[in-house]
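Input: structures, listed below.
In what follows, subunit A forms one complex with subunit B and a second complex with subunit C.
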Partner chain A sequence: MFVSKKKVLRYFIALFIIFTLNFIIPRAMPGDPITNLLGENFIASETMIQELKIELGLNKSLPAQYLDYWKDIFTLRFGYSYHFNQKVISLIYMRMKWTLALLFPSILLGAIVGTLLGALSGWKKNNMPNKATTWVFLATYSSPPYFLGIIFLYIFSFKWGLLPFKGFYETGTLLDVIQHLFLPILIMSAFTASRNYMIMRGSVLIEKEKLYVVYAHAKGLYGNSILFRHIFKNASLPVFTLIALDFGFLLSGALFVEIVFSMNGMGTLIYEALLSRDYPVLQGCFLIITIMVIAANFIADILYSIIDPRVREKT
Partner chain B sequence: MANKNRLSIAILILFVSFFYFCAEKQHGNIKKNILKIGTTRGGFKSASLLGDTFLALFARISNPPLMTMAKDGKLEGLVTARHEVSEDCTKWKFYFDPDLFWSDGTKVTAEDAKFSIKLLAEVVPHARWLHEIINEVYIDEDNALVFELERPYSRLDFDLTTYNILPKHIWKTIEDPLRHTSNDEMVGCGPFVIEKIDLNAGLIRFRKNPYWKGFQPELDGIELHLYNNNDVLAFALERGKVDTYYRYASSYPYPNIERLKATDEFDFLEEPHYGLRFLGFNLNKKPMSDNHFRKAISYAIDYEEIIKLDILGYGEIPSRGFIPPIMPAYKETEELEYDLEKAKCLLAEAGYIDRNGDGFRETPDARKMKLLILISMDYVRLAELVQDYLEAAGIDAQLKTVDYNTWISMKDRNNYDLVVSRTSPWGMFMHASWATGYFDARRTGEGVLHNVDDPNFLKLCDDILSTKDEEKLIEYASHVQDYYARFLPAVALYWSRTVIPYQKRFSGWSPNPLFGLYNIQNFLNLQIRGQDTLSFN
Partner chain C sequence: MNNKRKLNRFGIFLVAMFVLIAILADIISPHDPWDRFEPYEKPNRNHILGTNDIGNDIFSELIHGSRASLVVGIGAAIIATLLGLLVGLFSGYFKGTLDEMFMGITDIFLMIPRIPLIIILAAFLNSSNWLIMLALGLLWWTSTARVVRSRTLQVREMDYVASAKCLGFRNSHIIFSDILPNIFPVVVPKFMLTVATAMISEASLSFLGLGDPSMKSWGLMINFALIKGGLVNEMWWWYLPPGLCIILFVYSIVSLGFSFEERKKVNLR
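Coming up: the complex of A and B.
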């Protein structure tokens, strides 16, 4: 058993609390979903507003809406968006597939580059190239994503005319999609890589002082073989947690990249739904993100116990 | 080591080939006579012709409404050939253009219009008010569309500039019209029809309507390119990815104009704007309900500085009558003036004095006065200036910046003292025109203040709404502007000019007051230099 029953129970409690918060938070925000539906030229009678509320299910009491919300979750009915005029599930599917096309390569590249370079940086002597790499990653980590996005777009698209300005594609061919996703993935990978680099570097710096490393030296091993045979595995544990958390972080963090590169992804969907108080869309998006983050953490927990026998023993 | 080098070289070759191919593709983009309009995506949510107000706006060239506003501000038929209204403004009759065809070859009839109006009033939330005013819609023996109204209403022709007409033979079979989305070709009767909507590519493409019998445009099609932010759109414009800029009721960002001028590839349309920015008062609360107080505030604002800082000089100092000179029946009223000493003097005379020496004035009944300026995120810079001016006059004011939805909600609940907001060109004409729609207390809606419940003002609105007599309307318009000048329900902060850049190869632009360059007449008039196949970039 890689994950204990207690832990599984904890996941379910977390899910329940987060789902409840997903219901409460949008409704606790000031404003009203009907406001944006009416426009400027409107002489609204109470009857008319009431009719609209009934149509949107907003006339019911909050506890009744909450019960409906749970019923919808169990029957996998996400309802219709007030503003996007589509089924929430198909709306999320349309946006999510593109956001994932952006996220997976970014997380993967960021993990590979960040952990490898971070491990090498922590292991090697603090020479000039090492310092320069750390400096570059630190600068990337500290830059606002929007700023970095605009700079890259200015150089590659505006100045050099090499890459497109907007959208996920123009013609829809594979190369066309790659062209459009190149810069956004590059930027998001740089961000995830910089975070992973910092964590991995710190982790290796701690691990290399431990006795098993001295023992490995004494055994006759030297150089990178100690790093990759012994230290890497132990030092990479925090990175797994970080990658699991990245799923939630990047879905919202992708908003800035989506704004710069005019992409129609999950980030802008959540942002627009927030601005127009589109409760069904907000609930649907938060629900999916919650499930993804919890699932990623669950997988990270399993990987933890596979990699580190001490964790397995504890569970 | 050798393997490492080989890998590096392979990666380098891969990158160089990728960029070489990209560059080739970017430069080899050959298009016909397509006008590419760059716009921001803000508000554009779905490919629903009925459910998405932004798509409805852009679809006005494919599914034109019954009426339009000409360049000179006069209302004229678009789908209709002419219209007439009864003297008491309760019966309207619209005669149809016999030469209008849907893009599938079917003739446009009064039945299509009747179906569309009924459908809109039934399913579209912001069109439901039509139910309350329209008693009956029918087609008479002249094959004209007749509206019989519940009460006199002289503005129906204006309201019908916004409701798109749909082909009945297509839409009657659609089960849930409000939620119906389509990314493919849509049947329309304008000179251009929607060919494709691809929000993932940020593109809406229009092609010529093969059954369009009117004046033939030089354009083969129109493309709307949607960007998520203005900075990137400005890059795209400068790089030649789009030919012009359009955003409803907005100018091209003023700080970017000089940069574009320097390229020498653009000409600019510079026109007075029908909308404006204003400082609005909550007349239900003291001290805003005090006319002396409002008058004093009007002297505390440095209009010239605001124009210089907020719109880089592209505007002029407004008058007390609020309405900009470009509006029909404009009446010259006293120009607003910055005179801080006079403002202080007026406040002191009205009893607003700093009694406790904290640097801020108290109300005449000696109570502390801290005003709340409620703004949405678009007006921070402007509101900060206003806050400074008030402070200089000894009025303590705090800014509350919220998102637009919260702004509307707080405004409707009277949770504010002052607002900094804007009027749109369309809003200036709505209700009884001359910005009355923003002030009439019987109304509600997104950006409207509905802060005036003075029976004299409400009667003035009703008078306008019940006559079509030109002379009377001019007289009422004059009274409305006098009313604004005398009672200042809001103070205009500037009258601006909109600046729209366009590629020099296009000429013959004719923007209209309501929707700027995005109008059928404009696209029919556009001429293109070197009409053959053109290569951008």
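Coming up: the complex of A and C.
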């Protein structure tokens, strides 16, 4: 809509380069390419390997393989996992919804809590509660999300027995799902909120020195209404950029939190694939994650141009 | 103001302490981290934090682990900062086509999902701390480049740069001795935040079992403690200290970075 052609071009170049990288990696790495393409769990006889080589097109020249690779991508054929005995794409499809169920509420919650508290913290004087919140968020910012997960899991599930230990199942009721998702979402939200909080705080600290704030004071507006009517809009712009740029990082964080809570999402899938060196699954996940990250950036660009008219005028 | 200075001093003290521990690891640690004693010992006088599943002294492991963790974190941040500095300086100073090209590359790198890419690379190659450090460094320079570029765009319009141009100094001279010192206030906090991200990433990768077993880092210690049953057996002295060390070090360096940023009133994004 409002995104410039140059940016769209960059998205496509990024997609192209990452997908090409994904083609090169298994073929350039040390070891037998057939192992690299099928995973180390796969054992076959000599004749079968020859047949598979023909089936996978490994006997063709590299450029021909490369063309086939793109054909496969456009038809969503991401290979076959011999470890899970399933098509990679259907595996990912099954797992992805749980990752998204963890990620999106956390991003939303983290954005709301982080920006609100961050704005207040940048605006108010440096009193005791303010310092304490900053300290808590800074400590959350500094910890690996999975470690927080381990500690919470230990306290809430192991010590107090309040919440379930692991995963959840397809058959559960909504209440079950909420009960199982509560801790992971709490941790991911805290993690997201801490990053937004620090940026929003810094942003408000800068904005509040500006002249329009002085003018609002002079008009006789009260403190909080200056903050929320005038400063908030301007100061929250960097947070929007951050959420888009951070999407990949947050997604990776979610993958680790999933592993801690044994959730049936993509993180656990990647972990299982890693343990058995199931390369097709790893690569499929990488491609899907790439598409998700680029899509998130694209959406953020559109949102940004809607929120900030200056960006729109430039394009 | 007074309070900020105090926080700063605390951060500097902690960072210096960890660096000192890493350098003097051989002298401070009571045992060799590879020596084997009675396994699964509780904390006692001889082993302050007990021993792990194969009988290594956990306290010594912790002290030696600071080396791997700090080297990976700081090393990756140095690579990333140097790269970002160069890209940002050149594209901000020369503008035009070069800028367009560099910023295009930066945008593309920004969109690569870095941790998944490193997971794939480490799965194919035999993972080592050097590989992780290099990969983190080569993937994490983008935001530094952006910040440096926008600062360079401001600085290059200043009068003293114009006069240096009039005096006929070479471009490389102007960039490195006139503009670079003015970029430092934005680069230093960015460097610290990069160290923090790199350390957290390293710890996360080790958690997946992709760490370097020949050079135990804090992340790898947590990983071992978990898969060998440290959590289920309530051996908090095993998995908690390395995690707390990561948090404490990252906290001190991040708070240094943020207080630097607030004092200088520079916006990093």
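Throughout what follows, the second predicted complex is superposed on the first by the 257 of 315 C-alpha atoms of A that agree within 3 Å, B and C clash if a C-alpha of one lies under 4 Å from a C-alpha of the other, contacts with A are read in each partner's own complex, and residues count from 1 in each chain.
As a convention for this text, contacts are C-beta pairs under 8 Å (C-beta built on N, C-alpha and C of every residue); 3 or more make two chains touch, one makes a residue touch a chain.
On a predicted model such as this, the values are computed, not experimentally measured, just so you know.
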{"item": "Which of subunit B and subunit C A:Thr241 touches, first, second, both or neither", "value": "second"}
{"item": "First, second, both or neither for A:Leu275, with subunit B first and subunit C second", "value": "both"}
{"item": "Which of subunit B and subunit C A:Met263 touches, first, second, both or neither", "value": "first"}
{"item": "Partner chain in contact with A:Gly161 - subunit B first, subunit C second, else both or neither", "value": "first"}
{"item": "Partner chain in contact with A:Ala216 - subunit B first, subunit C second, else both or neither", "value": "neither"}
{"item": "Which of subunit B and subunit C A:Pro30 touches, first, second, both or neither", "value": "both"}
{"item": "Which superposed partner A:Ile150 touches (first subunit B, second subunit C, both, neither)", "value": "both"}
{"item": "Touched partner set for A:Ala139, first subunit B, second subunit C, both or neither", "value": "second"}
{"item": "Residues of subunit A at both interfaces, subunit B in one complex, subunit C in the other", "value": "29-31, 36, 150, 154, 158, 259, 274-275, 277"}
{"item": "Complex interface listing, subunit A residues touching subunit B", "value": "29-32, 34-45, 48, 51-52, 80-81, 83-86, 94, 98, 150, 153-154, 157-158, 160-170, 172, 175, 178-179, 182, 258-264, 268, 272, 274-277"}
{"item": "Subunit C contact footprint on subunit A (complex, rising order)", "value": "7, 10-11, 13-14, 17-18, 21-22, 25-26, 29-31, 36, 126, 131, 138-139, 141-147, 150-151, 154, 158, 198-199, 202-203, 205-206, 209, 238, 241-242, 245, 248-249, 251-253, 255-256, 259, 270-271, 274-275, 277, 279, 282-283, 285-286, 289-290, 293-294, 297"}
{"item": "Residues of subunit B that touch subunit A when the two form their complex", "value": "18-19, 21-23, 25-27, 41, 45-46, 48, 50-53, 125-126, 128-129, 132, 159, 162, 178-181, 199-203, 225-229, 231-232, 235-236, 238-239, 241, 402-406, 408-410, 412, 424, 426-427, 430-431, 437, 442-448, 537"}
{"item": "Residue ranges of subunit C in contact with subunit A within the complex", "value": "3, 104, 107-108, 110-117, 119-121, 123-125, 143, 196-197, 200, 203-204, 207-210, 219, 222, 226, 231, 234, 239, 243, 246-247, 250-251, 254-255, 258, 261-262, 265, 267-269"}
